Amino acid sequence: MTRERIVDARLHLLSRQVLDADGEPVRAVDDLELTGPDGQEARPGEAVRVGAILVGPSLFTRLFGGAVLASRLPRIAWSDVAHVGTAIELSVRSDELDADWVELWLRDHLVGRIPGGRHDPEADG
Amino acid sequence: MKKVMGAALGILTAIGGFVDIGDLVTNAVVGSRFGLSLAWVVAVGVVGICLFASMAGRVAAVSGRATFEIVRERLGPRVAGANVVASFAITLLTLTAEIGGIALALHLASSVEPRLWIPVAGLAVWLVLWRVKFEVMENVAGLMGLLLVGFAVALFLLGPDWGELLRQAVPPSPPGTEHAATYWYYAVALFGAAMTPYEVFFFSSGAVEERWTAKDLATNRINVLIGFPLGGLLSLSIAACAAVVLLPAGIEVSALSQIVLPVAQAGGPLLLAVVIVGIVAATFGAALETALSSGYSVAQYLGWSWGKFRRPAHAARFHVTMILAVLLGVGILMTSVDPVMVTEMSVVFSAVALPLTYVPILVVANDPQYMGRYVNGRFVNALGTVYLVIVVAAALAAVPLMIATGAGS
Amino acid sequence: MNVGDLLDAHVEEPEGARVGVVVDVRFALAVTEPEGEGGEEDRENPDAPLSEHTATRDEVGAARLVGLLVSPRSAGSFLGYERTDVRSPWPVPQLVRRRHRGTFLVDWADVAEVRTGSEPVVVRLAAGYERRSPAL
Amino acid sequence: MHRGQQEPGQATASVADALVEARSAAETTRLTVDLLARGRVTGPVADTALLDQLDALDEADRALTTLVPPDVTSSDRRTEGLTTVGDLTDVVVQAREWVAARSGGDLAGADAVPADADALLDDLAAATDAVEQALSEAGGP
């Protein structure tokens, strides 16, 4: 059965943890991008929906002002969202998202290279 | 049988994990200057940490969200950002104090100067965080920290005048030689030492990492409700030892070496050795918890993957944050700052920062959208409101008292 | 345009009189209920993690912008109180509600213009806009 | 009153504060020496305890040296305080050498090392009495 659930951005969406399909944390929601029908610019008074979750630099522009080129912002398409609860759960895995490049860079260039960095702490003592 | 063992283990680690360098130093300083006239503050602090930890654990277990995810979501990115910066700074200060405590305790054991032990202690902390299984780490540190029970043994061996100790404690009668402002300054410090925020970050993050069930929640509540008060008794026995031996001699504690002298007097080298091992274990365990908490706070605010349960490569930014925190702590100590002074600062600022995390947790524990039927009951809420007042009052009074008394001197 | 642009924006009537600030942005989520599964019952199983159900398990579709919540007073954090009837712990909800009395909802259809070029962002309402109840 | 100076009462109180610290160091030293003589404490702990007391005395000495006495009385109190803290420091240094000698250091027979614990405790008692005397003249507790 399909119906509508009312949510408020600040209350239910912004700053919520984003988890990927495996339950791994991706980022917290820093901002939401609005789009019009067919992906056009969102316009006042006309039909508008959430196009994407923005993460990363948009937190700093929200906190300290200024702007980053919209096309440069790491984003997660709203169509990848599966559930909205105490966290926002995606239907894709975080490896498939380019929003997480800092984590991947540190993993490949620093943490993964220190001996034991890929050791599973639960496997043994 | 296995169940009983498991429950006992949980309680024992909670006792051993309760006392850290902050409790050790603050209780000994207070005992040597005020006798047991501030014992009531330890009681207030212990009830407070039981309330706060069990509430944070319940919120984390039911919602699956740890403290700083909730802090950000409730306060918005701006206020929560300031909050996370303050909490990180205080956790870092506490981490610094704990690493310093390890080095001072090893100095007592070996005569090798602390400056040489500090990098060793930092490296050891990192290696355990990097490599050792969470459960092993928690249990070993907690059980060995239990050796601090040597302070209680020492108190009995000293054979003090129990009636006199009780008279100091109830009703509280501060010695006439101290100013009222100094008395209240140490009351705030003692409260901050008992109710350190990092214990709560650690506890609630553990609830998320271990994916607690209703059963786990019940067990952990019992561990806290029994373990923390017993840990509080341990704190009081440290204060009482100082009150019995050091206070009459006019000794004011300013170094870790003075804290263990009553133990030596009561129990000789053997008990002394036991207590020194206990101090190393307790400060080491607390260093692990504070290092983890520094990673938890930043990672949860920014939504990074975090946790001791993941391979380090799968929580890369979290591990990098912890490495930086340990390096910073070691760096601060290498400037030859006095670790005992760092400890005193850390407990006072813990009291200042407490409302920043206490209030959001109290609010969310009442939110049915998060908690379903696990919202706070009426009794917990009444207690929660009483502590809201205490926590805010202590936070507001801390800095003015610190300035007025010249940090208690 | 992002939600972050709208939050804390100043709201004006058609003639330019200021009526308040945007304190939140309301959406309608299209959701599909899962078959025969209940959130609360999961918690009864003592061996399942309490966080298992993570509130609601319904599948989420598009999020349609419904309107803006406007407060005549300051912007800032709500601690999640003003649109629910949670009363504890005293006195936090009572204080928060006091600060945000008079909050109302305007339909997105009643928004005539959003000027994002300047700081602060200004939202101008259309003539004949309606003040609706902010309750969820 | 001139700039940079304290009121006479305040200056004397600062002298008293420093002497309270010195008295605490003296008593800690006495306790440590006594415990070591009775074999209750290990060498490293005793050594560390005395080292910490030398730090405390250093601090007390510094507080007295940097004080600017506004009148004759507080100046006298300061001079007396400095002398007693200096004498006490000498005894604590001796005590530390005695600890080192007991822990098997190659110091036995050196002039600076006291013959036994009793001689050391006598010296310490004399130095502590001087501190107490100076403290009561400065109006301390």
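Labels A, B, C and D are assigned to the chains in the order they are written; within every chain, residues are numbered from 1.
One rule holds for everything that comes next: a residue touches a chain if its C-beta (ideal position, glycine included) is under 8 Å from a C-beta of that chain, and two chains touch if they have at least 3 such contacts.
Just so it is clear, the structure is predicted and the values come from calculations on it, not from any experiment.
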Most distant chain from chain D by Cα centroid: C
Separation of chain A from chain D, taking each centre as the mean of its C-alpha atoms, in whole Å: 64
Centroid spacing, where centroids are CA-atom means, of chain C and chain D in whole angstrom: 68
Distance between the centres, which are taken as Cα means, of chain C and chain A, whole angstrom: 20
Distance from chain D to chain B - Cα centre to Cα centre, in angstrom: 34
Residue list for chain A, restricted to those that touch at least two other chains: 10, 14, 30, 62, 86-87
Where chain C touches two or more other chains at once, by residue number: 51, 54-55, 80
Numbers and ranges of chain B residues touching at least 2 other chains: 63-65, 76, 370
Contact graph of the chains (line, ring, star, complete, other): other
Set of all touching chain pairs, with the criterion as stated earlier: A-B, A-C, B-C, B-D
Residues of chain C that touch chain A when the two form their complex: 1-4, 7, 23-33, 51, 54-66, 69, 78, 80, 83, 108-114, 119, 123, 126, 136
Complex contact set, residues of chain D against chain B: 17, 20-21, 23-24, 27-28, 30-32, 35, 39-45, 47-49, 51-52, 55-56, 141
Partner chain B, residues of chain A touching it in the complex: 10, 14-18, 24-30, 55, 59, 62-63, 86-87, 102-103, 106-107, 110-112, 114, 116-122, 124-125
Residues of chain B that touch chain A when the two form their complex: 63-65, 69, 72-73, 76-78, 80-81, 130-134, 136, 299, 301-306, 308-314, 316-317, 319-320, 370
In the complex with chain C, residue positions of chain B that touch it: 61-65, 74-76, 79, 208, 211-215, 217, 359-360, 362-364, 366-370, 372-374, 376, 381, 384-385, 388
